[in-house]
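Structures incoming, each one as structure tokens.
Below are two complexes that have chain A in common, paired first with chain B and then with chain C.
Let's turn to the complex of A and B:
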């Protein structure tokens, strides 16, 4: 009994230090995002005043400006169209390919898809830009969706293949004996059983397309510009309207952050895919 | 019909992906290669002119290219080295925690999923010499302030700090996933054998985590070489050319100056750099892993 009591203070002390360190690391992680959030509710005068760092009268003027003066509604719709389109197409193309890689050991294809992940996307974009210009297709949703497929397709294949591979073959073989075709068993067995993996891959594909800047910079026009372009164009307006810019930044990252918090388990497992398998 | 489909299912299933890759990846690369031997300003009236190796000669004799080349390599080496050390250290620290893991993971997740352009804008505000948080802190602790992104001397390290903030969580989360995959019994038996905390980490955890850490480094190296969004949205490569990496330099040549031939030659060089680094790294990784296995 006495012994226990003697160890305790030291242990509690260590534990407190440990948690202080942990909280500090987490705080550093969040500072820039919290800074963005607080500045988005400040007037430009308050942003410039260090004394008003924590205590200030919040205003939603910046947000109103983002939607009226800078008309952010259209870019939001554009971003939704492009991200959804790219994710749906990537699933349509990628899921069967992932199945073929998992079941028929198409290692060459998997290597090629890995190469697409490695090669800088801008390498393809110069010819794309030239070809799309000739076809008068720059600035169309099609060109943006196709460009985002370059990221989404490898991502879907990369994440879903191990899920398909982990489903025992016997399940499918039983279905084949009952007269099911491969296509049927793919739809009825493989996809439902891999739903968490597919969901993970789809969320990530959506987030990447939503966040993508380079493709929009090169291929979008003023009517199809996505949110990253809209935010980027903000700084070309005369003097930087910091409050408005931060409100715009919140509008674009807000949805991604809410989705990531709500579906944390899936997003983390997708981003760390390949960690355990090596 | 149904039988034919069943028999050839693996081709039917892979066809869309293969066609997409041939059409949208392979063909463009070959087109870029061809264009890299030409001079062309994207004008409809003036056709492409074959100039042989002139674009490459021009690039390799241009100090702006070599600056961008070494900046790309240094940026990758420094950022990924720091991210790996910090990421592994934080993961080892947090690996012991069994409660609140969801909240902790979420906090680390946010920097890497936040939209890069928005992240760039926030850091632009933080780095602002007069109203930014960075100089405010420096002033508070009595250190000299910095021009951060505004000066060619400090822009490189300022950008690396952003990269570290954004991507250390990636290494950390991957290693954390690796730790939870290890299971507790290995540590228990080592503890019974009298291993202390330090030995547990260096002799057991790190060797077992080596494949995971190497994988994290590979993914980080590939992405760090290609960094574009953060740099372009904060500095567009400036001041002057002082924060241009190969990606930004290629982009500027193609879409700001419309030197399509020179840009293509740059892209081919950039492509080769990334590929060589990736292959070298994978060979190295295979070698390290073999050593750990034996």
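Let's turn to the complex of A and C:
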């Protein structure tokens, strides 16, 4: 009994500290988001007015402007096409590659793939641009998707390889004995068992492509412009439309937050599992 | 007229050629390049918003398709640099900042010489552009760009606060400016006398007016850097004092958007920056002081009245373009007299004399601002930053000096810093010889 009493205050103390830390972290992370959300419902003059920080007359003018004056629908569709395209292709090429690296210990190959990721992306831009320009492909979805693959592919390969490596070989051998081909066991055993890792990698790759600005700046045209580029339409040489900018930021962040929350379970288990077993 | 043209265009191709001819002739546009597609990359501004709205009219009149892309200033440079370095085949018309890009772009051969396009074109009237604007977009008599956005360093005043302090008009000299600052500064109530750019690199342009006002400059005619002269030190200390003593806290991080917000919220009585941003201050949706904005000419220093009067943006045609004639049709229309007036009404500070003299200009611009602009134009200095190929680097070096001055260091320490900075700028200048 005495012992328990001594531990109790300590426990309470630890819990308090834990929650203080949680609240602090939440505060730091959420305040900018909440500010963005509230600013998107204000006029410019109210955004800059500290007195109207919390109490203000909300307006949806900014959102209307985002979709009418700045025609944001097209960039949203463009971003979806590019991000999904890059992620799907990266999985298509990256998963078999990761499998091969894990099963046949092709560590040199994986290092080469990582090297591509380490070199700053801007290094590739001019060559990419020249090649696409020669092929008359600048401003196409294909060029944007291929450029994004440069980042997505290594990401997928490196996150998924330890997963495949951690699955006991015996499982596959059992399948082989039953007459399964390598391809079949890859599809039916390896992929389902590594789903959390694959989800994590796919979401990260999607978010990266969704937010990528540099590739889009150089390789997109007015009709294939993606969201991160469209956001800058609100910043002009002689004025900044803060309200519209914040509304646009909400529109951009929204889908990513929703996707991340929906798949959070997989992402978290994916990240920790990868960290421990990889 | 235009609606009729649309109907005819969709109706019968042959018939349109004749009828559009009539409509396009007024603007001197040609149908010779119909079917070509040109790509245009420019910087977001009120002028370009107008262009984007009316682009359909141009496409109808000429049959040229325009891929129009409007970006933020630094992004335009990046895109132009990458595309031009790769041959520039995909880039036809682009906006550029003559003061920091002309020399580099011309040196690299990225800009198409334009003289042959506009010579003899009385409707376009190249001579109509301000002389200083034509000069800064030309080299050795060859024009490489057509200017469309100019700006001057002026004084914005909050008339309510000025009246409250018992003041009238605007400060005419640096001494008067200090007097006004003393009277208007009211930090206890959160109101500061001045809003001035204090973020080193950004401040260089606004600082240039003071530097020249004290008789200094970034470098002399023989390209000897002069940032360590007594005049330059005096100007740095003066600018530093203004920022330190009369600007809101956090001035070291302020660029034009921050000083504009302080002014529009009524928290700064005066603001020194470009006149091109006036529309933001007088927009009731963006400004609490929309109906209390006054304007004044940049005050006179010991060496005279020396605000900058610069060409901030110009349109050029890429030398690698495969549709140069069609591109010129676009440039001719975009910065032609009619479209230029539309731009002015939307808030753009034009580079055309005829636009400023037009009827529209009299009503579109606040009267007092128009007066200030007319007064600033003849005395203005054509550059607001070190005009050299590596101007960006030089600007960073000068920015560091401004930061040091605002932080408030002694004359001796500043002199030592300036000596070092001057040597670095000299090295850059020498490398360009």
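Note that in this section the second predicted complex is superposed on the first by the 237 of 278 C-alpha atoms of A that agree within 3 Å, B and C clash if a C-alpha of one lies under 4 Å from a C-alpha of the other, contacts with A are read in each partner's own complex, and residues count from 1 in each chain.
Keep in mind that, in the parts below, contacts are C-beta pairs under 8 Å (C-beta built on N, C-alpha and C of every residue); 3 or more make two chains touch, one makes a residue touch a chain.
Just so it is clear, the model here is predicted, and its values are computed rather than measured.
Novice: For the combined arrangement obtained by superposing on chain A, do chain B and chain C clash, or do they fit?
Specialist: Superposition check on chain A flags a clash between chain B and chain C.
Novice: For A:43 in the superposed arrangement: first (chain B), second (chain C), both or neither?
Specialist: A:43 sits against chain C, while chain B stays out of touch.
Novice: Spot which of chain B and chain C makes contact with more residues of chain A, would you?
Specialist: B
Novice: For A:218, select first, second, both or neither according to whether it touches chain B, chain C, the two together, or no partner.
Specialist: both
Novice: Quick one: classify A:139 as touching chain B (first), chain C (second), both or neither.
Specialist: Once the two structures are laid over each other on A, A:139 reaches chain C alone.
Novice: May I ask you to decide whether A:130 touches chain B, chain C, both, or neither, giving the answer as first, second, both or neither?
Specialist: both
Novice: Does the superposition put A:233 against chain B (first), chain C (second), both, or neither?
Specialist: second
Novice: Given the touch rule stated above, what does A:245 touch, chain B (first), chain C (second), both, or neither?
Specialist: first
Novice: Determine, under the contact definition given at the top, whether A:165 touches first (chain B), second (chain C), both, or neither.
Specialist: neither
Novice: With the two complexes superposed on chain A, say which partner A:100 touches: chain B (first), chain C (second), both, or neither.
Specialist: first
Novice: Chain C: which of 4-12, 76-84 or 220-228 bumps into chain B?
Specialist: 76-84
Novice: Using the superposition described at the top, list the residues of chain A that contact chain B and also contact chain C.
Specialist: 48, 125-126, 129-130, 133, 217-218, 232, 235
Novice: What residues of chain A sit close enough to touch chain C in their complex?
Specialist: Residue list for chain A touching chain C: 43-45, 48-49, 125-126, 129-130, 133, 138-139, 217-218, 221-223, 225, 229, 232-233, 235-240.
Novice: Which chain C residues qualify as touching chain A in the complex?
Specialist: 39, 43-46, 49, 67-73, 75, 78-79, 82-83, 85-87, 89-90, 149, 257, 261, 264-265, 274, 276-277, 279-280, 283-288, 312-313, 347
Novice: Could you list, by residue number, the parts of chain B that touch chain A in their complex?
Specialist: Result: residues 2, 5-6, 9-10, 12-14, 16-18, 20-21, 24-25, 27-29, 31-32, 35, 42, 90, 93-94, 97, 102, 104-119, 121-126, 130-131, 133, 136, 165, 169-170, 173-178, 181, 211-212, 214-216, 219, 222, 225-226, 228-229, 232-233, 247, 250-251, 254-255, 260, 263-264, 267-268, 270-271, 274-275, 278, 289 of chain B touch chain A.
Novice: Along chain A, where are the residues that touch chain B in the complex?
Specialist: 18, 21-22, 25-26, 28-33, 35-36, 39, 47-48, 50, 53, 92-94, 96-97, 99-101, 103-104, 106, 109, 112-113, 116-131, 133, 146, 149-150, 153, 157, 181-183, 186, 207, 210-211, 213-214, 217-218, 227-228, 231-232, 234-235, 242, 245-246, 248-250, 252-253, 256-257, 260-261, 264-265, 267-269, 271-272, 274-276, 278
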